[in-house]
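Structures are listed in the sections that come next.
Both complexes shown next keep chain A, but they swap its partner, so chain B is in the first and chain C is in the second.
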Partner chain A sequence: MTAYIVRRLLLLIPTLLAGVLLVFGIMHLAPGDPVLLLAGPEADPRIYEELRQEWGLDKPVYIQCLTYLGNLVRGDLGVSLVTGRPVIADIGAYLPATVELTIFALFLSVVVGVLAGVLSAVRPNTLVDHSTRVASLLGVATPVFWLGLLLIILFHLRLGWLPGGGRIGIDVPPPRAITGLYLIDGLVTGNWTALGSSALHLLMPGFVLAFAQIARVARITRASMLGIVGLDYVKAGKAKGLKESKVVSRYILRNAWIPILTMVGEVAGTLLGGAVVTEVVFSWPGMGRYAVDSIMALDYKAIVAFAIIATTLYALMNLVVDVMYAWVDPRISYSRVSGGAG
Partner chain B sequence: MTKAGMAGWRRQLRRIGRKPLLVVGILIVVGILVMAAFPKQLSPYDPLKSNLVHRLEAPSKEHWFGTDPLGRDLLSRVIHGSRVSVITGFIVVFLAAAVGSFVGAVAGFYGGALDQVVMRVVDVLIAFPYMILAMALAAALGPSLINTMIALSIVWVPRYARMMRGQVLQAMGSEYVESARALGVGRLRILVRHLLPNCFEPVLIKGTLDVGTTIMYAAALGFIGLGAQPPSPEWGAMISQSRSYILYSWWYTTFPGLAILVACLGFNLIGDGIRDLVDPRTAKT
Partner chain C sequence: MKRSARMALVLLLSVTTALAFVASAYATDLVYARPSLGTKFLDPHQGGNSGRYQNLNLVYDTLVFSDDNGTLYPLLAERWEASEDYTEWTFRLRSGIVFHDGTPLNAAAVKFSFDRIVGIGNHTVAQWRFLGKDSTIEVVDNLTVRFKLSKPFPLFLTEVVYACYGIISPTAVQQHATSADPWAAEYFSSNECGTGPFQFSEFVPGERLVLVKNPKYWGGVEGVKSAAKVDRLVMRIVPDATTRAILLQSGEVDIVEQLPVDLLGQLATVPGIKVEYFPLQNFASLHFNGGKAPFNNEKVRQAISHAIDIDAIINEVEKGHVLPMYGLATQGMIGHDPTRARPMYDVALAKRLMAEAGYPNGFSATLIWATERRAEFDLEAVLIQEYLAEIGIKLTLQSLAYSAQLEKQLNADFDLSLMTFTSGTGDPSQIFDKYIAPPHPAAVGQYSMRWEAAPPFVAELVEYGMTIWDPAMRQHLYAFLDDVGMAAAVSVPLYQIPVPFAMRDNVRGFIYDTLRRSCFYFVSKD
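Moving on to the complex of A and B:
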């Protein structure tokens, strides 16, 4: 198992390298000029030249790319054109917010999705089932940014129940940073005001981000469980006189996990992309908004850094899913042949 | 058409008729296609004509969807927006499916180093969260509708390539390919005449589902400011502009989004429905 994980992590390196080259290529294909965006269209031509030299943009692309890769190996991600700070400092400031949002949304997707799917599958063609199916059809078709705005109009502007944006109230100092995740930091330091405020702020963006994914998880859970309900060993379990809850949890759900896990891996990837739009809607100070700002400014250093992080997180989540296959289904083993079942 | 052919068609139609969700999907999509084809005839007002006397009016008998801050009729703008979205959806999926299937089929068919290189590139592209890749591409190419289409097509290509490669690899072991080979049919001809037509079905289903998804992603890019530019009535861009007015109007945000939802739902229902017709095993999902 360890060997398998190590091999998968090593495989991440070429993927990342290719990703860096890809983004680099894309950004240099760009007809837009970051210097022009930075200094404005009416600046003195000499200022453009100076800026270009300062940022190393006057050198040929391959030199820029090699310089970047060289710095990257030493852990230097360069300086952001937008914020003027080292990119690594920006990541430190913005990444925890995105991680908190994404993990919360993933948690919601899995818990609510599996629950709805199970209910739907054990009571097929009832009200629960039909409403789950309708909700999941709508969920997949609902634009994230639109749902976010509608909820802001309703719960923030009209009802005033929930804050409309940001991570924490402006009058509430954030909890002492330990993990950077406000919920956990608030809990650990016993800062209940900060915990409450950040929990309220997390509710709407988390739900909006999770909405479509809840639908996907519910759908796959229902389908996967229905494929097992009629099998002989389930009938045997029922015939033995086991309680229904036990048959569902131990006999059906346990064997339905594999497709659900695959979907969770996919969901995790989608969440990262969805986080971008969600963060824009809810003024969430995370990597997604940072990425949008950087992309608009054609700031390749920040974008490459974002791409590296997004790809790494995505790969790690998929690795976790693959490892969990073996945990859920003991027949799957990664230690024997190379390549294995992964 | 022969009598048998007619009977076959009737049977197909009856099978479709037994799937209410598929029928709903078809009705929605036909409605949207009609809107996209005849926006001028269907909309009550000119979508670009501002009327400052009637700014930000709530839905009424005159303006069913209300008006925007320039006094433009929202219903007319939503109807005209269907053309932008439908065209984007179809062109992106068509381009991606055509290029992706070709690349995947060639890689799977010829194998070897070519296959290795192509599939590694595909792996890298898929390992990237696609919204971010689409954004980077759209921004690099410059914000416009055409560039949005190019960016989204590039993002979808590897997914079709991977799928088509799998299909071709699977089909290569089948008897009809073997017998064609035994008859001395050339490699290229086997690929084009025998393999591709037999591998096309899943591409078609995926394509239908992807039109809806593409409409949504194009709207998301428009929302961020990377897609169609104002004053073009694109649904995502309209929602983006409505953000400054959410304090005063709910309708400006609501209706363009509802249009995206309905369009997306329609294509999804058709995609699901076709999949069930073709493969009854998935019908119970």
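Moving on to the complex of A and C:
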């Protein structure tokens, strides 16, 4: 197992390299010149030249790329053209917000989605099943920005129960940064004000983000379980006189986990790259907004760094899922691989 | 066990709810929402656009200040004098002013800030950067500082009024400087320390910038800059326009900027909310690539200016939220002449001009613009396409990212373009140099934006305008240049864009102008 994990982690290196090359290539082909944006159209042409030299943009793109890779190996992601701060510091500020939102949304979508899927599968074509399926359809079909605004209008403007956006109240300084996740830092440092405020701020964007995923998880759970319900060993279990709950949880759900897990892993990987629309509607300072702002400003160091982080997280999520396969299904083993699975 | 767990949950929820709505620790709070902070928002001496003045003018003071009419006021400098040839400028500073960290303001601190601008390589302060490299700054005595410039610069005072010439605390810079970063550029991209009416309190990237009242502010200048009237100012980053409007309605924010025309219309009818407009020297116009056929033909340009019904655009698309233009000089700018006739919408005349120009059947061209600069351009481009179809011009529409549009314009790789021009200074010299003057030998990339076939006297007058000071004389000069430019239809000015702000109606005294941007120090709340 360890050998397998190490091998997968090593595979990450060429993946990242390919990612960096790809992003550099696209940036080079895309129209626009960051220097014009930085100095503005009214600037003295000498300024453009100076800026190009300062940022190394006067060099051929392969030299720029090699310089970047050289710095990357030394752990230097460069300085953002826009904020003037090291890119790593910016990501350090934006990534935890995304991680916090993702974990919460994922938790919500797995718990609710699996539950709804199981209910649907156990009583197929009944009222419960139909209503879950309609709800799932709604979840997939509802535009995120519309749902987000609707919730803000209801819970913030009309009822006044929840804050209208942001990560923490304006009167509440963020808790001392340990993990960067406000809930955990608030808990660890005993800062209850920060904990409470950030929890309230998390509810709406977390739900909106989870809403579409709940539907996906529910649908795949249902489909996956229905494929197993009719199998002989399930019938045998029932014939043996086992309680239905036991049949469902031990015989069916346990065997239906693999496709659910695959999808959850994929969802987690995607969400960790940031959810732009949700972040914009709820003023959430996450990676999606950071990436879009950087792209609009052609802030290439920030864009490449974002690509690296997003690729790494996605690959790691896939690895975690693959490892969990073995844990969920003992028939899967990575130690005896001789060239097959992997 | 189960019961106690449930009890604990209920307790936790009620405690968090109570804490979240705990009253603010500040007596008066002003919350202001904007879509983003933009480029290098916090450090006066690093690059970035004039949008940064909103923050910089609150935290930093400059030597001299000016209002929108160009009147100069002493700020940190109590008086000044220039040598006859404008190469030596001596400033006498006010005594007793301290920075937010307690460092006293003196001549050495002023020299330090101007050295930092050159050292850090700020790309927006080109004038001083190129001048400053060969010039010297002398600390005459504790409160007297003398600039010895390498060449005459009569407009030195109108240059140093910008917030990017703000004076920073040398102690704070030195404390956070490293060998790799001698001017503490990294520290000051998330911190601030000046002498202004507000001082830095908290910066959470992507979320907010919090400033608090500087209780020891030296007082400022009556009507120009004053001590803060609110205890705390929170600049919240709210990227979505609809969310900004909702937060204003719920009272979570007090002032909101950058709302589209339709949302402004809705908010104006909500009780408790008012919408105010501030006429800045910003305008939208249709540009020609004047270096290229057929747009190098004056008659073609005139035809286009008569083929577009600008009033229809102003009334139907902009719903009257903008002002008409009588030339390139906007309302409030030197050279503005509201008696000048605007190009009339006259399709027959336009057709005749096209025929005279040798294009009776028209031609094909492309119109570029960037939605991110102005959302209304999307609709206006379609209207212009229809208007020009009337005189036989087949327009292809191409919406671009702003960066791509800029690149195309600077490489003269376009036909027609919709642009907004934002004056960072309010002075006409910038606009006329850019639009009316013929191509500069130094400005290689900017040919497309200039008047290729301008008569020689135009360049001389534009140059002359930068060396004179007398406002009456400059009014005549720029009004004349504007006549010449409009007659040749060097571009089609569409409308002036006053900046709208929606705010709670208990907000008093909010002012927004070219140089100072938001004067939050004048704002109070009932």
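Observations on the structure shown:
As a convention for this text, the second predicted complex is superposed on the first by the 333 of 342 C-alpha atoms of A that agree within 3 Å, B and C clash if a C-alpha of one lies under 4 Å from a C-alpha of the other, contacts with A are read in each partner's own complex, and residues count from 1 in each chain.
Here, contacts are C-beta pairs under 8 Å (C-beta built on N, C-alpha and C of every residue); 3 or more make two chains touch, one makes a residue touch a chain.
A quick note: this is a predicted structure, and the numbers were derived from the prediction, not measured.
Residue contacts after overlaying the shared chain place A:G19 against chain B, while chain C stays out of touching range. Of the two partner chains placed by superposition, only chain C is touched by A:L195; chain B is not.
Legend: residue contacts after superposition of the two complexes on their common chain; A:Y314 is shown touching chain B, with no touch to chain C. Of the two partner chains placed around the shared chain by superposition, chain B is the only one that A:A141 touches, whereas chain C remains out of contact. With both structures placed on the common chain, the touch criterion links A:L226 to chain B but leaves chain C unconnected. Touched residues of chain A were counted for both chain B and chain C, and C has more of them.
In the superposition on chain A, contact is made by A:D33 with chain C only, not with chain B.
Contacts of A:L157 after superposition: both chain B and chain C are touched.
Within the superposed three-chain model, A:V82 lies in touch with chain C and out of touch with chain B [touch as defined at top].
In the superposition on chain A, contact is made by A:A93 with chain C only, not with chain B. Overlap of the chain B and chain C interfaces on chain A comprises residues 30-32, 145, 149, 152-153, 157, 280, 296, 298. Partner chain B is touched in their complex by these residues of chain A: 14-15, 18-19, 22-23, 26-27, 29-32, 137-138, 140-147, 149-150, 152-153, 157, 219, 222-223, 226, 269-270, 272-274, 276-277, 280, 291-292, 295-296, 298, 303, 306-307, 310-311, 314-315. Those residues of chain B that touch chain A in the complex are listed here as 21, 120-121, 123-125, 127-132, 135-137, 139-142, 212, 216, 219-220, 223-226, 236, 239-240, 242-243, 246-247, 250, 253-254, 256-257, 260-262, 264-265, 268-269, 282, 284-285. Across the complex, chain C is touched by residues 30-34, 36-48, 50-51, 54, 79, 81-86, 90, 93-94, 97, 145, 149, 152-153, 156-157, 160, 163-174, 192-193, 195-197, 199-200, 280-283, 285-286, 289-290, 293, 296-298 of chain A. In the complex of the two chains, the chain C residues touching chain A come out as 15-20, 22, 24-25, 29, 31, 36, 39-40, 43, 46-47, 49, 121, 123-124, 126, 130, 185-186, 189-190, 202, 204-208, 210, 234, 236-240, 242-243, 246-247, 249-250, 252, 372, 400-404, 406-410, 424, 430, 434, 442-446, 449.
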